[in-house]
Amino acid sequence: MADVRATKRALAPSRGSRPWTFYLLASLFTCYVIALYGPMICIYILSFQDVRGGLVFPMKGLSLHWFIDLFTQVRTGDVKGSFDRSIKLAILVTVITVVVSFMAAMAFRRRFPGDNIVFALMIGSLVAPGLVLGIGVGLLFNAIGIDTSPYGSALGAQLSWTLPFGVLVMFAVMSRFNPAWEEAAYDLGASAWQTIWLVFIPVLAPGLVAVALFGFTLSYDEFARTLQTAGPQNTLPLEIWSMTLNVTSPSLYALGTVTTIISFVIIGAALGTIVLIQKRRGARAT
Amino acid sequence: MAVLRGDIELAGLTKSYDGVHTVVQGINLKIPDGAYCCFLGPSGCGKTTILRMIAGHEDPTDGEIVIGGENVVGLPPVARGTAMMFQSYALFPHLSVRDNIAFALRIRGLSKEDRYRQTDAMIEKVRLTELADRLPAQLSGGQQQRVALARAAITQPRVLLLDEPLSALDEQLRVRMRVELQSMQRDLGITFIHVTHSQLEAIALADMVVVMDRGEIKQAGPARDVYATPRDRYVAEFLGGQNVFSGKVDAVKDDLVSFAAPQMQHIAVPVGASRVGKGDTMDVAVRRDDVELVRPGVELTADKSWLSSRVLAVEYQGNFVKVMLDATGSDEFVAYIPERVFFRDPYTIGDVVQATWPSHLARLLAKTTALTA
Amino acid sequence: MALSRSTVSWLYVSPLMLVLIPFFVLPILVVLVASVFETDGFGGLIPTFTLANYGTVLTSGLTFNLYVETVKFTVLTWFFTLIIGFFVAYFLVFHVRNPLLAIGLFLICTVPFWTSNIIRMISWIPLLGKEGLINSALLRIGLIREPLEFLLYSSFAVVVAYVHQLTIFMIVPIFNSMARIDKRVVEAAIDAGASRFDIMRLIIVPLSKSGVALGSIFVASIVMGDFFVTKVMSGGGSASVVGAFYEDISVLQYPGAAASAIILTVVLLAMVSLILRTVDIRKEITR
């Protein structure tokens, strides 16, 4: 971030009035942020209506009716079950994504025969249409005779999407790792494993948390690849999707509010962990 | 003579990355136990590659590295008894000074108590006690260097390898740290191998200087020998302090060589160990501080050589004055005149002078493949 | 015994390959195989080799319209996300003076990325609908008499939802490449008398190219592979290639769907490799 700071000073010296472009771009930025958050905030507000509530403003009353409705009504489907499955699946995906991305980024620090093929496959997996891939996985499992299930086929299909992301992020994280640290550890007698545990992982910890955050939210939100691979039991995004097609009550908004709260808890935990790691490193100094 | 634990011998050491170009070309060298040895050369001359091969961070394509009588090629650094101090130090950014220094002990499985006891003694030795809990990012360059030194020394290696250890420091600190490196080496009593591109650093520190060029050793020996009696033009020019010029030999008489070119007719150079014949083109080296300047017309004794020339530039250096002359055409010719002597009768640009030196102080250099500046 | 370096590298990437082969390479191959089979009309596949499915897909006017529609949404979305993303990143990197504030604003832009896409999409409904916030506001101030119909369940709504979801994919990579521009380069340009526009044209745009390329890959591949924003936000008025694919699958028309999917994938991969040819993404990221 240091270079960001420096560049900025160059173009916007701290003295003198701001150029007209500043005001223009500031307005653009403000509009963008309003458009980004405005609609979401609307549905959060609308989810707190009472029993008379509808899908649009004005607000009708204030209650938790639709939240209770969400978890008790049959009509809204198995929200609780899909929540449970989605979170478990996301945790599984997160752990695998962190470990596998870390290992892949270790390999990609230097060239090796076939590295371009691996890289191309990864990019292909990232950009391939999710639904097509999902159906491919479904047909494949069908052909081999394995039932599709959230923790089998859906897990794999989601990994084919979270891993390329995770590896790309790990590339950026790894580019800040000085290769001399690894050599220094070797010089001082560390084995390959000791170097990973005592040098790589602690140095890259904040980056690994970022990859975990990616893995979790990409999985928790994944839809296209999961649709044909989750089997008879829905994950949360599939549940939300079927609700968008047949539920026309603020229950839908209530579900939006609940998932957003969960997302925010996860983001908060991840950012908190990163801050904690940085702080613990800084604390010993002063 | 018995082989000591810190004796190093490089035999036919060769390194090639692509099988076509060799960065190190069959080096042979012996470094005695307890020596402070400097590898000196421009960047890309292969000196760092040699260091890394001795350390075990790179494998030689061919040849042997013998430390304390044992060929260590293929062994990991710890088994070699070497420790490396990296360029820019490579301190672990997430570990405090104490934990950085204790790293090797931790690897060896020492308990926290044991390793901190040993570490604290080392920390005291390098005067970092107050900073023991800091992270590397919060230290100055000089402090970081001391941590790096302590971290490498804690394993009690028999050889310490230093890769451009002073290059990350500013000029003043560099001079101070030079002194510290030297006293550290005396304290530890182990072999130091130090890679640098600065001849000042090499001369100031080393018992043994190894001058390198394009993967080959040009000259190796005590600092004073290499500086005062460079073997060839490359070494003379790289170490500085010498005027080097060449001329076609006219005659060899009474162990003195004279030259054909008209402006060199008053020059005589002792033959020394060289084999010289009429018609050979030879390089001659004259130390810049051996050169005196006199006004034209002053009588010179027969044991002196001289060149007539014009003053091109004058640079005041404090304790001496650097006078640049056009004496030898394309080659740079410089006289270092003591400050008091110069200002008794100062010269200005354009003055015609005679540059003179006692003939027996000039030296013929070994013929080299066309290595011109 | 020490393993050779490339063996170690392959050991490190083997878990990745263990995912990519069964969950990317094989499924695509399965779809490819299905695309040359015949259907028995009841969801079963007859293992033959026929290119008839491709013929049907390629000669159908319907498919052509689907592609036109999908490309239209892709281009529109790409255009708007690029413009907004570029200038938002530019504002954050070059106009916000306080570095902490810049990072804070950047985080504000990225937070919604971590929340559900579907929820973010449907959140436009109470705004854009016939009785939505925008229509009722316009009606109240008397700017319109009738509610605007084109706001929701229209191409407009589709583009709005896409831009809303995907601008972040432009902002992050462009921000990254802009942040790495050496300030001295910009200062040198100012010293040389470059105007604000010159700096933008000659320095900032060329040096942000890799970010733009990466962002474009993300946006284009997501829009082209998506079906469900089009389906919901157009209210059934527009279709997309993948949407039609999904419809085919649900009526068990596997071979036809597979042929169409293969064509789409080939188009997508061709586009991406074209972009990748202009910038070495791998080098850019690891730099």
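A few comments on the model shown:
Going in written order, the chains are labelled A, B and C, and every chain counts its residues from 1.
Throughout what follows, contacts are C-beta pairs under 8 Å (C-beta built on N, C-alpha and C of every residue); 3 or more make two chains touch, one makes a residue touch a chain.
Fair warning: this is a prediction, and the values are worked out from it, not measured in the lab.
Path length between chain A and chain B in the touching-chain graph (shortest route): 1. Chain A has the C-alpha centroid lying closest to the overall centroid of all protein C-alpha atoms shown. In terms of their C-alpha centroids, the spacing between chain A and chain B amounts to 55 Å. Per-chain CA centroids place chain B at a distance of 59 Å from chain C.
Measuring from the averaged C-alpha position of chain A to that of chain C gives a distance of 16 Å.
Interface of chain B with chain A (complex): residues 55-57, 76-78, 82-84, 86-88, 90-94, 96, 103-104, 106-108, 133-135, 138, 151-152, 155. Those residues of chain C that touch chain A in the shared complex are 5-6, 8-13, 15-17, 19-20, 22-31, 34, 84, 87-88, 90-97, 99, 102-103, 105, 108-109, 111-120, 122-127, 129, 131-133, 136, 164, 167, 176, 178-184, 186-187, 190, 196, 217, 221, 224-228, 232, 242, 245-246, 249, 254, 257, 261, 264-265, 268-269, 272, 276, 281-282, 285-287. Against chain C, the residues of chain A that register as touching in their complex are 1, 3-12, 14, 18-19, 21-22, 25-26, 28-29, 32-33, 35-40, 42-43, 46, 55-57, 99-101, 103-104, 106-108, 110, 112-115, 118-119, 121-133, 135-137, 139-140, 143, 156-157, 159-160, 163, 167-168, 171-172, 174-175, 213, 217, 220-221, 223-224, 228, 237, 240-241, 244-245, 252, 255-256, 259-260, 263-264, 266-267. Residue ranges of chain A in contact with chain B, taken from their complex: 178, 180-181, 183-191, 194, 198-199, 202-203, 205, 281-282, 284-285.
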